[in-house]
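Quick one: structure below, then a few questions.
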Amino acid sequence: MSEKKIKVAIVGASGYSGQELLRLLLMHDNVDLVCVTSRQSAGQKLTEVFPRFCGGGGDDLSFVAPSIDGIAASGAECAFLALPHGVAVEFAEGLVDKGLRVIDLSADFRLEDVAVYQEYYGKEHPSPVLMKEAVYGLPEVYGEKICDARLVASPGCYPTSILLPLIPLLREKLIAADSISVASMSGASGAGKKADTSLLFAEINESVRAYGAPKHRHLSEVEQELSHAADTTVKISFVPHLMPITAGIYTTIFSNLIDAVNAEKVGEFLQAAYGDSVFVRLRGEGGFPDTKNVSGTNFIDIGWVVDERTGRLILMSAEDNLGKGASSQAIQSFNLMFDLPENASLMHF
Amino acid sequence: MSEKKIKVAIVGASGYSGQELLRLLLMHDNVDLVCVTSRQSAGQKLTEVFPRFCGGGGDDLSFVAPSIDGIAASGAECAFLALPHGVAVEFAEGLVDKGLRVIDLSADFRLEDVAVYQEYYGKEHPSPVLMKEAVYGLPEVYGEKICDARLVASPGCYPTSILLPLIPLLREKLIAADSISVASMSGASGAGKKADTSLLFAEINESVRAYGAPKHRHLSEVEQELSHAADTTVKISFVPHLMPITAGIYTTIFSNLIDAVNAEKVGEFLQAAYGDSVFVRLRGEGGFPDTKNVSGTNFIDIGWVVDERTGRLILMSAEDNLGKGASSQAIQSFNLMFDLPENASLMHF
Amino acid sequence: MSEKKIKVAIVGASGYSGQELLRLLLMHDNVDLVCVTSRQSAGQKLTEVFPRFCGGGGDDLSFVAPSIDGIAASGAECAFLALPHGVAVEFAEGLVDKGLRVIDLSADFRLEDVAVYQEYYGKEHPSPVLMKEAVYGLPEVYGEKICDARLVASPGCYPTSILLPLIPLLREKLIAADSISVASMSGASGAGKKADTSLLFAEINESVRAYGAPKHRHLSEVEQELSHAADTTVKISFVPHLMPITAGIYTTIFSNLIDAVNAEKVGEFLQAAYGDSVFVRLRGEGGFPDTKNVSGTNFIDIGWVVDERTGRLILMSAEDNLGKGASSQAIQSFNLMFDLPENASLMHF
Amino acid sequence: MSEKKIKVAIVGASGYSGQELLRLLLMHDNVDLVCVTSRQSAGQKLTEVFPRFCGGGGDDLSFVAPSIDGIAASGAECAFLALPHGVAVEFAEGLVDKGLRVIDLSADFRLEDVAVYQEYYGKEHPSPVLMKEAVYGLPEVYGEKICDARLVASPGCYPTSILLPLIPLLREKLIAADSISVASMSGASGAGKKADTSLLFAEINESVRAYGAPKHRHLSEVEQELSHAADTTVKISFVPHLMPITAGIYTTIFSNLIDAVNAEKVGEFLQAAYGDSVFVRLRGEGGFPDTKNVSGTNFIDIGWVVDERTGRLILMSAEDNLGKGASSQAIQSFNLMFDLPENASLMHF
């Protein structure tokens, strides 16, 4: 294993994505964690806030208040931003200016079109130039661009689970671009570590509920990327649901096959797209993924069935919303950016 | 409250539907529970098998082995069958012959067409005449027929959650009959009290997984009833999912609105259909149901959103799979059959 | 069933105890709910805040801001206080002055000794005269006093689960008063509906943790009542634990039998104490209670084993922390105060 | 990292301990997994039975039926036995005879005294000579003996959680040997992957229940080891509870301090015992462990409080029942036996 060590900062390390970044980067053989910031935990030891990490190599780290100068002064070559939407943009600009490479887990740089940003986020984008430069951090699609990126906009959890199954099939025009409906089910960590009574254990336990339909913010990046794949404007219906699990997203996608003969090609094209992929695991036709099989990992499992009675293809994917849906996927981009093996320190089961 | 007491038997009372029937019938003011059968618990006291019910009026009851003669000899006027599919048919025939009215919670009498039965259940129906006579026990649709029925085929849990939102809209031709896709999420009790390692706590906890697609057995009764409503053959796509909750079904339905102007009529027609209903609660446009609000009850909550971007209507329903999806709905039919108030002893919250 | 209707107010109805009071009082045949208060939900309809209760008889109720005059003006004869500790005292005084009978679910009036109050709650008791008058609301112990009380201090959830198993045995001097150690496990609703990140689903799910030892506030009332029973000062060790369940408390109690011959008397004396009780269900020696059997009810199940190898008696109890541990027990007191059957509208399973 | 590779077999790899061994050994840099057996999954690919492990280095492995000759023929130098009690003994004898070193996760070789074995397991020990030779696999206590052992009897999950906190304190005579009472709470995986309706999700969810008291089988090994530490016969009271979590054990221990002055020494002696330990993490006085912090790891977290009012010391420990309570602890022994760093491939967070 390479002895190379990259100096890394995590900005906003006390939320759930930040905690998962911490977990994975503390175990990463090629990472030297030099700076972890948290507004609310500044001054506290890492292991005080997260006793889970005691003895894990970060026992000497303490949280500091976030500041661009402070992060730069830590010597970090790369910064992961696990900040709320709207807050990340400022740090991204400042840190890129200081010469750091930045992987942003927020939505601030995922869109290409300032008008779409305005429509979905309700305000003008404060940094449109950098927005243009940012690379959408889906390594299975934009791997080469990620290698050279200064700023990677790491995808959201729902988008990853929708995009990876659909992109190869839209590219090959196997399914009708206007026929896509998606039901996604997310674990509670996806809602963030927020002091909100609707997220209490006693509210989420024994509860299943949809929310945010029909125009969830993540739709904007999903449709942007699906439209690229289809080479035409794609609009989908999307219903997210909140589930009583801690981590994991399950996504079930309905779409119409263009013609019946394409049924057998589904597996073929998915295989062509992902046969060499480390982290996309095809469960085959009739194979049902399970969030249980991907929790804590960077894998996304994809299965499908063809409903001949209705002419529909039903795709299903399972990922860890904090893993392939957030933090481990960001590290996959990091590995590419710093010329490490794509799976470096990501092969957990 | 009426002093009328109906003598009732529960046949197959040790599974989850049986247990919920027990719970509700022990609390039912107009029921005298005279016989509870269970092959595996025969000879044991009711309160030994279900300590929850101690002190609840059934302390003197013991399970007996099921036999048609025994049940008839108990004096029961009505028998609820909570038996496996294929087993119920024999008891239904025998008990109807003995003059009892029967409410069957299995799938044995839900279909009208022997060919469809054969297709989905893989064998000839053993009692095609009685099959014709049986009334599909959805009180909001077949209330009048249920009043006079000798044999009620109480609907499955998934079907109830799909049929009630869709039937009024298909009747009024607001949505395209060939555009319906359904994702349902069921609690683990829906799989029954079976000694199967895939149903262990450690397998289902922190797990979300689809199964049984694209041709789940329940499709047959769903499509039969939707076709009646639409007055044309309806075929849908249906994906059931298993969730880590004990009880509850959440169903999300995608369909295409026939034309945009119909959007405002959705609420109008649902209101017309269910405004007087005791147990269907409309949450309105933008209202998201939650399984938490219906657990342990006979309510089904229905909400919807119109996705103008795609022209789709998205309907959502929540019910308790053991309640409105099974046992309390069966009791709703019982109330109608015995001329009791429809909600007698069903107003639990 | 009696047609008598008591006019009732719930003060502080938006927390978990308040919600359970609402549920049970809406279903109570002898209650006319005339006033529900909530600082944070004032102005909202009851069914908007709690969609579960739609169609349940409270559809016309709205939350009002709490005020003594307003509550009195509602015509309420009895007020349940589901307010935070320290806030309840003011309402209790004001409402008793106005002639209402009050059932306080907070800890404000549970202690007899102002010095103990000061020690455990860190401040002087603001209403020592009323404190003396208040009756500790454990119906199995103080049933007669409760009948005539103006102010009932309804016990905490942990205390109920500890006191009911121990009191008869301490009275009869079967166990050594200085030998008692208690491990209790509580569901997450016991921590209240607080916007606190440590209570989020993702924090409590898959987590078991002790807290609050060795001097939890509830110790004060537990030791007060145990000392009364033993007729000597009793001090116990008590460790509460937080469990990933919504509702329920399980309490396991270790104590030394005074002498071996007493082993057989344990069941005898518990039977003598609770044989006629509606809500205490003895599971017998070797009978293990289960929170699952009491959730949503006013039952407390008690079992025990004698550990002959060590001379210890191990008692176990299970109750719903929001039921017998809070709201349904308060209603049991209410039934006694207003000369209703003790179990009126409490026989849910 | 050492390039050394040990050839390893897992015998009985389809249960929960076996699955965790698989997970950890597939990721172990110094292990070459040459043989995995399972009676029920024989002939199936590893990744078919456990899709979680796809892409994890074991894609070419298939389960074989267990046989001593077959295992020996695989070239394995070491065999882990994850077999039911009573079945392991036969394989242990046969494999040791063939020259393999064996780590047995069952209870078959944990006791020293054939009479105690007979008392707790109800039959004569079939291999008393090998029983004498076996080393109790608690590395923090028997590390040196484990290094040279041919047969390690890896401890049970409850025992580990009880022994590690108590042993140093009994050795130093800080607590009274006859004063110990233990309440343990275990996740559902501890009950094994058994087709038993009492272990279904719908039975364990929202349930807390004690079982197996007062004479659980694990008591025998606990008391054996505590007696060694105290140098006198120790008998304790022990109540295991089943919790709705997948993995984890929480143990709360009550004991009497010999004299008050010892209170401050508790931390001192625990620190002396475990200050250099990799896997025992002391949370300090007033520090409450949490199963959430140790799940999936080989850590055990220990905290304590002194209850001055009663003179008791209350110790609390948290471990993963499949980790430090079973499989990762077995691998810790393996690391010692094969002269690898004690924490080789065990530093997961």
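Worth a mention:
In this document, chain identifiers A, B, C and D correspond to the written order of the chains, with residue numbering beginning at 1 in each.
Heads up, the rule we're going with is that a contact is a pair of C-beta atoms (placed from the backbone, for glycine too) under 8 Å apart; a residue touches a chain by one contact, two chains touch by 3 or more.
This one's a predicted model, so the numbers in the text were calculated from it and none came from an experiment.
Farthest from chain C, judged by the mean position of CA atoms in each chain, is A.
Two chain pairs, C-D and A-C, are compared here, and C-D has more C-beta pairs in contact (counted per touch definition above).
Note: centroid distance chain C to chain D, computed from Cα atoms, is 39 Å. Measuring from the averaged C-alpha position of chain B to that of chain C gives a distance of 36 Å. Computed from the mean C-alpha positions, the centre of chain A lies at a distance of 46 Å from the centre of chain C.
Those residues of chain B in touch with two or more other chains are numbered 203, 205-206, 244-247, 290, 292.
Interface residues of chain B, counted against chain A in their complex, comprise 178, 181, 183, 185, 203, 205-211, 213-215, 235-237, 239, 241, 243-248, 250, 252, 254, 288-292, 295, 303, 305-310, 312, 314, 316, 318. Contact residues on chain C toward chain B in their complex (touch as defined above): 1, 23, 26-27, 51-56, 206, 278-279, 281, 283, 290, 292-294, 296, 299, 301, 347-349.
In the complex of the two chains, the chain C residues touching chain A come out as 16, 187-189, 193-197, 199-206, 244-247.
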